[in-house]
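Both complexes below contain subunit A, partnered by subunit B and then by subunit C.
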Partner chain A sequence: MSDTLTTPGAHTRMGSNSGQPMTRRDGIAKVTGTATYAADNRPEGLLHAVYAMSSVARGRVTALDVAAALAHPGVVHVMTPENRPPLAQDPDDKPEGSMALRIEALQNSSVRYVGQPIALVVAETLEAATEGARLLAPVYAVEPARIGFDAGEAFEPESTGFGGQPNIDIGDIAAGRAAGTRHLDQTYETPLQYHNAMEPHAIVAQWQDDHLTIDTPNQAIVMARAAFAAFFDIPAENVLLRSPYLGGGFGSKALPIGPQILAILAARELQRPVKLALRRDQMFGPVQHRGATRQRMQLDMDDTGRLTLLDHHTTATTSSFDTFIEGASAASRNTYASPAIATSHSGVRVDTGTPGAVRAPGEASGSAALECAMDEAAELMGLDPLDFRLRNYAETDPQTGKPFSSKALRECYEAGAKAFGWQNRPLAPRQMRDDQGHLVGWGMGTSLFGAHMNKAQARAVLRADGSAMIATAGADMGQGAWTALAQIAADGLGLDIDKIDFRSGESSLPNGGIAGGSGHTATAGSALFAAGEDVIRQLADLATADPASPLFGAGNAGVVARQGRLHRADDESRSESYNEIMAKAGISELEGKGEGARDPGHAESRAMFSHGAVFAEVRVDPDLGQVRVSRLIGAFAAGRIINPHLARSQLLGGMIWGLGFALMEEGIHDKRTGRPVNGDLAGYHVPVNADAPMVEALMIHEDDAFVNPLGVKGVGELGITGTVGAIANAVWHATGVRPRSFPIHMETLIG
Partner chain B sequence: MPLSISLIVNGEQKDIALEDPRATLLDVLRDRIGLTGTKKGCDRGQCGACTVLIDGRRINSCLSLAASQDGAEITTIEGLAAGDDLHPVQAAFIETDGFQCGYCTPGQIMSALGLIREGIADDDPERIREAMSGNICRCAAYQGITEAVIKANARMRDTQESQS
Partner chain C sequence: MNLFEYLRPASLDEAIAAARAPGATYLAGGTNLLDLMKIGVQTPRTIIDISRLPGLDRIERLADGATRVGAMVRNADLARDADFAANYPAVAEALLSGASAQLRNAASLGGNLMQQTRCSYFQDPHSACNRREPGSGCAALDGETRNHAVIGWSDQCIATHPSDFCVPLAALGAVVEVAGPGGTRDLPIAQLHMLPDATSPGGTTLAPGEMITGLRLPPEAAAFRDNARYLKLRERTSFAFAVVSVAAMLRMEGDVIAEARLALGGVAAQPWRRAEAEAVLAGAKPGDDAIAAAAEALMAGARPSGDNAHKITLAKRLIQKALHLAAAGTPAVMPALPASVFTSEPAERGEPADV
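Right, the complex of A and B next:
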């Protein structure tokens, strides 16, 4: 454990709290059913809202039987484009410079995908609202659906994801192509994938005059507060967004969605609290998804197995009305060394909802294609896949040439390979069988994810009794923020964790930034730590200036904070407790503030990524083509690990997402109607317990002095990268068949 | 015409005037009785988040009409802990980190308890994984869940032995 790295303020050493494998602080609430998720709120006078969703992919609603819905007992209101109150912001607008997507909030009668809200029914009971929505019996003017790469309209994207650069060429592409003596040219496809967090999006909205309270799960609480406020022409401060628990997010719960806006409108219109919870089938429409990709990989190598060119072109789907595309080719910019790297994207518009961020957006799909191509290239060269990767190890960032802030990937390869037993792998496929006659194969992949940070603030108040309140509007969607952030906060204050009152999950608190890009611990954690440091600095000023203090004259830099006491750094036997210092100064509270953001100088000088290596073993039934993942071992280096217990869970979860990506997940839309064919959890398969028998995540020590003062990178999305390719490559090793389309279907293997 | 039903929920009798016969047991537990620990993940019996015990058996409460459960004895997640003392299954889930977001957790725990009591789990991880596969965890805390079942099963067996 990296618990001895001195922190920048030098007032304390991480380790008394950080680095400890604490169990979740919200554990008891979660196992007793007392954790309140949005839909668990039941304010007095609550109304239930259900939205009717379009059953066609393109066209216009020409009639709705509003009278029938209103006539149903219990129905109190039906909102349609005809009577929808005005909004201060057009749902089709994307405010300049903000992270936003176009949404549908009954701005007109047009339909642009199946599952779009076309009316809202509000009733005294959920049953009445549900039946009311059914009675609307919409009539449509239908235009043909455009589904799939070949039916959609192609376009050249200006960006990938939220503002990513679509086309970047590094080095001399023509020279790289000419220098290669071996050439690989293959195309890989990935399907639409839907987040399907266990908790469907929900909201309980209540108005009091021009103040709005919303209980809704959110990954970017303070940012979302402003986004919601903009629709209703009220200052952001008038919105209280409460999101103490999220039942999973995975990228889908950061931006407002149309149904939330409609529920808020209804609550204002009816002057009663309104609850709207999406049904599972409604999770396949307006809540974003991962767009499909078709990725052409061209790899050129010289005779020694070194890349001379890595060319990654992605075609990705988006909706007919927005621009978000999966930036898959970006995965090739920072993973392997090559003198020339070409990365580009094109887009295809189809009649689905708009895609968005799904766990490792871009990286997951891109890594799948890259790792498969690397495996095929290794085969072409007659090399072991790990050996081939090591020959192309990037000592500096291939995209920028900058040094990495830290990169223990070589150690990950080594530890993972050893734990897996990789050295016993036969080079050729179809060499191993288990005692049931199943084909056994081993494959590997490299994991890579940017060590992103956004911006956050925190506030700490040290109290006269030596306890402290410390707050930031962070979001715990299962990653363990309530626990890891509290551990960091306690260390910043030099207190035991049971002495701090950690507050989070609510928009009235300082901006906790975004729980996204795997940067929440780094960002909000840095803010919390800095707020604690600010308090300690003030406390040290008081003590060192007080002639009666044992710390008198020690100076700021010469003080260490630990377990509620300040000690002289040069003589730790001389100390004074926080409460003594405050009592003597006659103050009852000491407030500190902190910000979390990356040092611009470090951001400029270093490339910052988390790394890992994943090794997979699969067993394939030779007659049925059924694939089982029997072992999955990942080794990851992601800077300082604040809580190994919870970080491991995140990594395992990411790897199992990779397993789902490789073998199960596929959002299928009917080509004629655009309807989700498998729009529920029986049809849209995600891994269940029996699918993931043996998964292990090893955490490799890594110190990083540049990413942020805490040395923290991120682990939330890392595990999914690398894993998809590792499994696909293991399937080839078992069967001799190269799967190039995900998920891997059994018919591909037995054809 | 309201339909009167009576449920014994976590040992307490609840008389309910059911205005709407379409209400599922899940919605009645959550919206009428106010026991919101039981979660709705899919409302069609595909995810297991709504698992409760009825007369000791695991069921998906979203697939059961409340009206059809008149007189049933129901145990929900709120009925497991004795005051501040967690049930062994609950404690084991915390220790093994058998959850992340926590949304499927009440259903996982009720399923775990059901299968331990049914005696079908033993300590065989493979059988546990199979028997717990009706409960989806999108965070994929499956390893912790399986370990929790083994741990809780052992503790419950020890308690039983020391009592008999």
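Right, the complex of A and C next:
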């Protein structure tokens, strides 16, 4: 826990910087309500906007009672496709090769899913705008809704997710199939899932001439700034996007959505600030979701229980007008060794909003099917599920054959199994009962998530008083970026954390990259560390060139930065403080810049993933099928852990997300109308505390010299993978019933 | 939200007089009404806030052994009233299994009784719903019906009554006290929620302007205190409506059931209680056969209203489980997970199951 980013032994004290379990620096602000989320902003002259939602899934709006809405006291404006001002970018356009989705911003009267914005009402109060939207009483020309795998139009997608390859075959598929003596062929289904971050999407938009200020939660602040600017024909620099805090994002807050664009348009047209905040029932339409999947798993094994073929085919739902395919089959490309791996995807177009990235996009659904299939295969072979996985342990990346940058999965299996007590597990199902007569089952799954990085920049300014400002436009979605990134920043500068003024969450700062792909700490952290190093390098140049300095002649390589002082590496007693060095040089500020990006050589030579093993115990009432996850223990190896406290929280959160995936989450749309039938948090269930009595995340030490100089991988999404399968497998072990459709309902288990 | 007039009368009489206005409705805890107003399902023109009316927030033991609870007593306060919980443990357990702590702190007794169904088609103003708009039809039929009624429904309506609290109240024969323009009256709880029939979607039997002012549990209700349970199947451990729930209460004389009380939640438009089922148990020992026969009797006439046949199976099994647990005795302390079939956590957290 006390290892640091600089010289060994440099930061062994408790209470500062990397490796320390610091509590959230923004925690007090959040629990006392002083942290300002987007919708908390109330600039003078504020107007409120509410959009009317389509209640049909397909067709055309033929009439809106605009007069009735305008007649309602307080309503000042109604925007419809008839009077919507032009946009510089067509909402139906998708810039080639970019991370973008088509959006609905009143470009025409067509309706493509339930919940689509069909008009915007702006009023002096939220209540007036809400009632104005209701009074529009839209009339539609309705076409039949296409909901569900079998109602939609099937197609072969050109990509999965944002630009993923849909079909990859590894090795000789036919030979793999022929070599198998045992064969498993099962199909698993996962439903639509909605992100439902605690904080619904919100925006407060203000214009001053051709400059736009938007307070809106965003996971990719500088990238989004450009995306917003493109709609309004202004340079990206003219947009100030402020997103100090997000109440969760989970992938839904990276790209502009139609309602945000409409609010900005209204603010420009009316020349007043406009606020728009989605209601919970509006979170089931234009803000993306996880598409449903149907996954066929075919596994062939030889007599010793080694895979000869792993064949994973996914059919996923997307919208009628855009393509985002949940890349579930990709989960089978890098997890287990097999001489032949076939992965492919099909799509089905249905009348919902377009899916998008939802926490562990692809991996969450794909891991669920893969880990269930592995468990079924182990049963077929008469092997312990862990033993079976070890027989198919991937020593090198199955997809590329490259060595892993690091892979402590074996240690995860070992530590997790030991903590859980796995060795006592009976092979057959329905063997264990607790003292109340409930069936008890144990299951496991392997966790895998790519150690992604994007690109980020940072800037540091060391001041004459020995303190420093350091900045990057990072995004704290609740994961703790204000804390973990600041810890890294302080280390880069060789300062205690209370000596740094860490700035983040705003687009005027250097690009902090994307809080996505579990790569934010690695990416923005690398940039911050490099910016600090740049400052230290300049400081060292000054000191070692100064004949009056105790560091004179030491050379850059021979200097260590620690607690505001530079020390000679070969003689720690010789040191000089930052402010002394600066004062002697007669400078008041030293500026450094840094970039965070993966080394292309390392990216080429190594496969980079975080790993883990999740073990689940469930109790199942034998008569009623009610499931309780009584223990959930995961062991994870994710490179260097910057803040064990926050990383554990991320891993636990991921595991609990997996619990919700396994047992609760399901976006249900009426097949006749396409309307959500559980479109609120009373109906769309996510776990509560009482559902997770015992969850533990063990962090396995892992050094990685290749992912980035910090050795950081990522923990945001890893915990979901493995968990869903572990729970489903435990349910089988308890009951003898194989759940193959998620979420697992009690009626599935009562026979 | 539509514009409405907000009144806060100082007395019950003033409140009832105000309720004569067309489109008037009473507001108590607001945990259901405000949600329905926000989604456009209810659009009252006048809101009469009764939450501060004097005298409605008391829990009293009456001279004859009955207990009277005022309509504005909050769900949480009632469940945590030591005397009440000791005498009516299944009612307390039902209350604590409902909603979330925050909602229980706000929700009132009267509002709990008067809450609307959570049928998603009722909650969707764009769907046909005879309850919301008589004569418009029932969009739930052939819709998503996993959670709909399996007994006592008609083509007019297949919704269920969502309350946990009402289930043991029905079993105990609670009497609802009603005040209205025509004076006050007592209403047995069994007559509060009407089932749908061939021509009507059901609903409550309160006349326009009537208000629940309180509720009485009759003297004999406390006689079941030693053998009382409420069990609730649900899709998560807290903050979820029942798939099926059961209130099971026994008055034991030795090892024989002198009298049984049994009601189901989540299966019908009213808490489902049938004298035939209780009669099966009276005089019997709480063995498997009698208990199974009671379950069959209570579910007699059940039929799926859609994709919900499993609820019939679950209901019969849950009835039996609840009766067995009731026969074993009321738990000495309120279970950590009220109404859960998982009656306790593992002895030591994190230890493997003792198998």
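Note that the second predicted complex is superposed on the first by the 737 of 751 C-alpha atoms of A that agree within 3 Å, B and C clash if a C-alpha of one lies under 4 Å from a C-alpha of the other, contacts with A are read in each partner's own complex, and residues count from 1 in each chain.
Methods note: contacts are C-beta pairs under 8 Å (C-beta built on N, C-alpha and C of every residue); 3 or more make two chains touch, one makes a residue touch a chain.
What you see is a predicted model, and the numbers here were worked out from it, not measured in a lab.
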Next on the checklist: Quick check on the superposed pair: does A:S55 touch subunit B, subunit C, both, or neither? Answer first, second, both or neither.
Outcome noted: second
Checklist entry - Which partner does A:M198 reach: the first (subunit B), the second (subunit C), both, or neither? => result first
Next on the checklist: A:R459 in the overlay: touching subunit B, subunit C, both, or neither? Say first, second, both or neither.
Outcome noted: neither
Checklist entry - In the superposed arrangement, which partner chain does A:D623 touch: subunit B (first), subunit C (second), both, or neither? => result second
Item to check | Which superposed partner A:R24 touches (first subunit B, second subunit C, both, neither) | outcome: first
Next on the checklist: By the touch definition at the top of the document, which applies to A:E127: first (subunit B), second (subunit C), both, or neither?
Outcome noted: both
Item to check | First (subunit B), second (subunit C), both or neither touched by A:P687 | outcome: both
Next on the checklist: Under the stated touch criterion, which partner chain does A:I656 make contact with: subunit B (first), subunit C (second), both, or neither?
Outcome noted: first
Item to check | Which of subunit B and subunit C A:R146 touches, first, second, both or neither | outcome: neither
Checklist outcome for this item: The intersection of the subunit A residues contacting subunit B with those contacting subunit C is 127, 131, 279, 682, 687-691, 693
Checklist outcome for this item: Residue set of subunit A touching subunit C in the complex reads 55, 73, 127, 130-131, 134, 279, 281, 420-421, 424, 431-436, 438, 440, 617, 619, 621, 623-626, 628, 630-631, 663-664, 668, 670-673, 675, 677-678, 682-683, 685, 687-691, 693-694, 696, 745-747, 750
Next on the checklist: Quick check: in the complex, which residue numbers of subunit A touch subunit B?
Outcome noted: 23-24, 26-37, 39-40, 42, 74, 125-128, 131, 196-200, 245-250, 277, 279-280, 477-480, 645-646, 648-650, 652-653, 656-657, 680-682, 686-693, 695
Item to check | Footprint of subunit A on subunit B - complex, ascending | outcome: 19-20, 22-23, 27, 30-31, 34-44, 46-47, 49, 76-78, 80-81, 86, 90-91, 93-95, 97, 99-106, 109, 125-126, 128-130, 132-146
Checklist entry - Of all residues in subunit C, which touch subunit A in the complex? => result 1-3, 38-40, 100, 118, 120-121, 124, 126-127, 139, 142-144, 146, 233, 235-241, 243, 310, 313-314, 317-318, 320-321, 337, 340-346, 349-350, 352-355
